[in-house]
Amino acid sequence: TTDSSIEDPPTEDTTASAAETEPAAEETSSDEWFVQEVYDDQYEQRSATFEGDPEQPWLQYIDGEMTDTAEYAADGAQKACFANASISNPWRQTGWITMNEQLKALQDSGVISEMETRDAQDDDNTQIADIDYFIAEGNCDAFIISPNSTAAMTPAVERACETGKPVVVFDRGVETDCAVTFIHPIGGFAWGIDTAEFLSEQLEEGDKVIALRILPGVDVLEQRWAAAERIFEENGIEAVDYFTGADPTEIKDILADELATGDVQGIWMDAGDGAVAAIEAFEDAGADLPVMTGEDEMSFLRKWEETGITALAPVYSNFQWRTPLLALEKIFAGEEIPAEWILPQEPITEDERGDFLAANEGMPDGHYAKFGGEDMEGYPEVWQERQIP
Amino acid sequence: MDKEVFPLESRVNTPVVLSVSGLSKSFFGIEVLKDVSLELRSGEVHGLVGENGAGKSTLMKLLAGVHHRDSGTIELSGAPVDFSHPTQAHEAGLSTVFQEFNLLPDRTVAENIYLGREPRSGILVNRKAMLERTRELLDQLGITSIQPSTPVSNLSVAQQQIVEIAKAVSYDARIISMDEPTAALAGPEVELLYSIIGRLKERGVAILYVSHRLKEIFDLCDTITVLKDGEVVGSQPASSMDDASLVRLMVGRPISAYFPEVTPGTIIGEPLLEVADAGNEQLDSINLALRTGEIVGIAGLQGSGRTELVEAIFGAAPFTRGSMRLAGEAYTARSTRTAIQHRVALITEDRKSQGLSLNQSILDNALSVIRSVFPGRTNQARQDAPGVFSSLEVIARDLDQEVQYLSGGNQQKVVLAKWLAISPRLVLLDEPTRGIDVGAKVAVYNLMRALAAEGKAILMVSSELPEVLGMSDRVLVMRDGLIAGELSPTSTEEEVLQLATGARTEETPS
Amino acid sequence: MNRLSRLTSTHIVYLVVLLTVIVGTILVGSVGRSFFSTGNISDILTGTSVLGFIAIGQTLVILVGSLDLSVPYVISLSSLIAAGIMANQGANVLPGVLAALAISALIGLANGLVVSGLKVHGFIATLGMGLIISGYLATNYQGSSGQAPLSFRLIGATGLGPVPISTLIMLATAGLVLLMLNRTRVGHHIYAVGGDLGVARMSGIRTRTPIITAHVLCSVMAGLAGLLLAARLGVGSPTIGSQGGYDLLSIAAVVLGGTLLAGGKGSLVGTLGGVLIFAMLDNIMSVMQINPFLKDVVRGLVIVIAVAVYARRTVITRPPRFEKSSTTPAREVSA
Amino acid sequence: MSVSENAQGTRNEILARNRSSAGDRLLRALRTPSGGVFILLIALLIAVIAANPSFGEPGSLIRFIGRTAPIAIAAIGQYFVIVSGEFDLSMGSVVTAQVFIAGNLIGDDDARVLPVLGLMFVFGAFIGLINGLVTTLLKVPSFIVTLGMMLALLGMVLYSTGGAATGNPADSFRQIGRGGIRDVPVLEIIPYPVIIFVVTAAAALWLMRRPYGRTLIAVGDNSRAAALTGARVWWVKTRAFMLSSLSATVAGIILVGYAGVHPSVGRGYEFTAITAVVLGGVVLGGGRGWVLSAAAGAFALETLFTLLNFLGVESTWRDSVQGIIIIVAVAAAAQTWQRKRRGASSRTHEPTHPIAPPPTVGTNERGI
């Protein structure tokens, strides 16, 4: 998934443009979020070669500018301070479980002594206070920050940088490059391109796609839609978008109304939450099942297999939750790391689906297939039982 | 202050301060006041009497600017006025003590009195001045028992009423209307009110006085105006009237026996309720026996614990020690529910806040006890309802009318009806005739007699001594949470008061 | 029980505050931190400032017997307007602040008019107003926007020792509102209207004025909270108000502070105590690294338990005339 | 035997003669805000059908009723609490909790459906019991009690499940909310939720006419008076809270079927339900309002959303439109109650007469 406020990889210019745009004019929102340059970059990155072991995608990155971290090299176990935005949706919960497993591994190997975590419960203001608390009281040797929102967290991240300790930012970004590294999968446009191209290939000109979006105004989600909408337009696909708040009830209501008035051939989602409800809406109405894109959430993969629909599961790589701690390991060892650590973001296709279902058997519905924890000690119980510290 | 004294005889010659003529008011088609004319002279107490719903309170509200008249004129000292808000009336020197309580329990006496016109220095409220002025005001009126900084909720009901009156006086009014100011007062407080009114008269204040207690009307008033169905049916010097003629004017027919005779065939039988050495935080050493067919009256001053006594018997504020027996069997009223299951009924003193669900229909109110305690008998009771209401002579559109639209007397009858539905053995009545008119009062008295004749036992609390003495077979007098003594109904009001105030401590005829 | 009943609810609130401090000292100490260190105190006080502003306003509307559920949206709107007008220009700070507060006041005015004029229950009136603003925000703002200049951001980021400036501003505002409540006519009338509308009217109070005043001030307080958040975030945000859950939390803080939900009785000082309790609770739980889901459980329980402590006490009882159980030497009365 | 039956008959007749006719009462009820909501609902329905005629087809309508059923049932539950003068803010959390319970405990095992269903009802009743007891016995305002419950319950559920349910429960269970009686003439399908709603509404209507229901309203109107008439106020109110949680449970069961297990199912239900109840003319504070109006309020609200949908109102503006409509509707209702109280409605001043058994004419002139 992606919750409301979610992940993001805004590059500087997009956020800047968003920040400067005053209350929107009449233009459609997607125009506003569309930035050709970034779109082109991400288009390329989808097929870029990633450095590192494909078996460990959480350590892979696209070749680019590297940061020298010799100044942070340190002996002995170090303390990490983690300012988390929240664990209020299944995607973040899954990642959080993974991150804790990674922490255990690094504690065992003597890299990290402890990780102190403060959870902002989705509130920018709380997260700023959390970071300030860490700076004043935390005795932190390094900061990991998963920002709740981009612009608002920038000053606080800058303050963390000023302590001279390494700062690692992941998931959503900030408008400063003072952090040692910023870890994130390719990005929202890539998601939009993958999914919309898939649907356009499977459908014919004039077909109707319903786009189920969570909510407006979140950069990453807007970019997914901005890319997708453009591609649908180019391919002559009629796309109608709705905001659902990720509420399956809402999704069902919307699709019931749509199916009552006409045929729908495709479903596009900016996050997979509620994908099952969308398919069920077709079942309940007795309509032909659509071609669809969801996400790598287990519920969707399972429903996909069960119904045999034509589908694609784009991912917002959940394994990125392992990377920040591993980055710290490298930093404390003084190894150089990418300044912008772009992780692979590969959709799950129908061919791969079976493998992922098998690997994740017994996982709860809210689990994410590309969680990347198969090699860790707690696998699979910790994820199956969803032990959240 | 104006210290001029107006000797009684000269009153008629004092200037007219308020003159009302041709005043009419209807509430959406129903004419409540018709062509009412009235004159009030400085230093005069003008009594305004009439049945429930006659329009007395409405008239006062028109004068006070709460409602707006439809036609007619109001002149203050010859100048026509037209108030649209109570403040304007206050500014013009006319203040009102309304029938309903108008105090904020959580605010202090001073804050209440100066509410809406707090003295200021600069933009800030000058609290010191407020307290001082309140102190002065209370001193002037001879009120010593009330501190300006006490929250009103700490005062007794009577003290609160006194504060209300003080508040009305504080406007430096030339005219004060009082709508049933003594409804919550007894004994010494009434005396205090008399003395306050005396002082006001001395200052030349004109007072418009509404009361259902005819004794007060004759004690206090110089002139009496009688309203009936919104019309003035008589306005004469008090000296030219007596009880009987006044009542005839009010109800439009003579009332022969004010307190009905004991119904023939009433037999005072075995003790039904026996209370022995009972007490709680408010009561102590309560010993009494109540026999079937008997009406026992309880007299006492405000706050003497009469309400607590009936509430304890009813289980609303139970006894914590001692014992009770009902019809020979041990009876512990742990809650009102147990009491009702034993067929004990309590008609509470405050109809609106304790007796009725005002937004519900007559029928729903009448069935409320049955529904709560004996739900199985609901259908039966519903069918009985018309009979009960017709025997109580309730006047309403129909049984589905909401109770809030009924007049006070009819509301009280609804309360009685809901208790009759459980055919009670023991009926506790707390101020059963408070604020209802003569006609309705007689209906209540008749009902009490009828119940006694059926062999029920009746315990009646009342602040109106004539009522207690006129209706009871025996009179218990309470003081400070104790039963101070027992008197026979042939005792005089003075004897009751002596016992109630402690002027005479003991010795009880029995 | 008896001694308890002599305490006012404000006393009890501060006893709970004291208890929280003690518990906090022990718990925070147990993980090797100091409850009274500069950073910790600063964290707690920062927690009090935003909620403090909102709770001050909420106290006023609750005192007049209303509620304000629109505060989260007013906060967001205010932050957006301010940051938008400031646009990173130091010279625009004043216009930005004034515009944000003016718009907030207008919203409060609308709330007040609907509640006092159209007689719509505050719950519904402000719920509806919240929805209206929320629609406006969603339509007109895509994500955070505007930029607060450095001079303005300093308000959110600096402090005197461990005390953030924002907390001092909040306390100063509380002082003014306290003065207003206790020492001005409109303050007295706010209590009066909340206590009994009819009584207030009969006493010559124009009852709309206090209701409207309370709503306007409440929205202005929310506007101030929005300004503070804009200073802390450096940008305006259309979701910052709802993120904090300030609507229900502020009502809980007010009730926790001993103010009667029905209106007419309560104190601002108590409210500040309620806010402090929440802030300390959050701080302690964060230091202890409690699971965020459990934090909500604890908050929920604390709200109910703390209110339960004095809710039972507020029933006015007459002073007892007699001992509860012993019988005083009885005066025999035959009956 | 027949004699007493006869007597019964006349007594009923007398009763009837002293009451307004059923039609009269209905007419009078329709003039209150509680009746007004039906008119609002009809107007909205007409507007929706005008905007999209296919919505008016029986099949569409019945599906619409089906999907509105859970919120209408929740509104009925909330009505019990509001009419007794309280609030229940914990409703949404109860729905979410039940959804998770169903998801985690039933799993794929059909045999567990019934026992877990039983458990869910017990759990619902238990939550209501706690809400009720803390409100009535500890005298904590219900707004606060249920707010605390809302936080604590949701926190507990998310904590103990790690935020995600294992999966959707067995299909046989989900059929309750998803399925229906098929092949019905005209309607095509009667969704089970419609049936559940009709049964719930009928039960609620019946309950409100029972002594319990009347006592509940009396308690909401004047709880002191109700206590003095022997009502166990604490228990009457506590049962209202239990009914509220139980209806949230029913809503949850339908929603598991309709939407599946997800943490956002039930989010905001309390506010929607309260809005629906208030839209139904039920007065916050208690003592007034009709139970079916609460359900009608829910339907009006959902119809409004559908209308906005069909009219193509930009989705971001929908909140605003909803806000305006709520305020206007409730303001209109408030004016009506007020005018009524002031006596504006001439109905309150209709000619009054002594209530009497008809045969004896003029016996009230007893000449006291």
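Note that the chains are named A, B, C and D in the order they appear, and that numbering of residues resets to 1 at the start of each chain.
Throughout what follows, contacts are C-beta pairs under 8 Å (C-beta built on N, C-alpha and C of every residue); 3 or more make two chains touch, one makes a residue touch a chain.
Model, not experiment: these values are computed from the prediction.
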| item | value |
| --- | --- |
| Longest centre-to-centre distance from chain C, chain (CA-based) | B |
| Length of the line joining the C-alpha centres of chain A and chain B, rounded to whole Å | 74 |
| Where chain B and chain C are represented by their mean Cα positions, the distance between them in whole Å | 43 |
| Between chain D and chain C, distance of the C-alpha-averaged centres to the nearest whole Å | 32 |
| Chain B and chain D, separation of their C-alpha mean positions in angstrom | 41 |
| Of all residues in chain D, the ones touching two or more other chains | 159, 163, 316 |
| In chain C, residues with contacts to at least two other chains | 138-139, 291, 293, 295 |
| Chain-to-chain touches, reported pairwise for every pair that qualifies | A-C, A-D, B-C, B-D, C-D |
| For the chain B and chain C complex, residues of the former touching the latter | 66, 85-87, 90, 98, 100-107, 111, 115-118, 120, 123-125, 127, 153, 277, 279-285, 287-289, 305, 320-322, 476, 480-486, 506, 508, 510 |
| Contact footprint of chain C on chain A as seen in their complex | 5, 18-24, 29, 32-33, 86-88, 116-119, 121-126, 128-130, 132-133, 135-137, 148-152, 154-155, 215-219, 222, 388-389 |
| Contacting residues of chain C [partner chain A, same complex] | 33, 37-40, 42-43, 46-47, 50, 84, 138-147, 153, 157, 229, 232-235, 237-240, 243-244, 282, 286, 289, 291-293, 295 |
| Footprint of chain C on chain D - complex, ascending | 89, 134, 138-141, 143-145, 147-156, 158-159, 163, 271, 274-275, 278, 284-285, 314, 316-324, 326-327, 330-331, 334-335, 338 |
| Sites on chain B touched by chain D in the complex | 27-30, 253, 255, 314, 316, 335-337, 339-341, 346, 348, 353-360, 363-365, 367-373, 375, 378, 382-387, 389-390, 393-402, 404-405, 418, 439, 442-443, 446 |
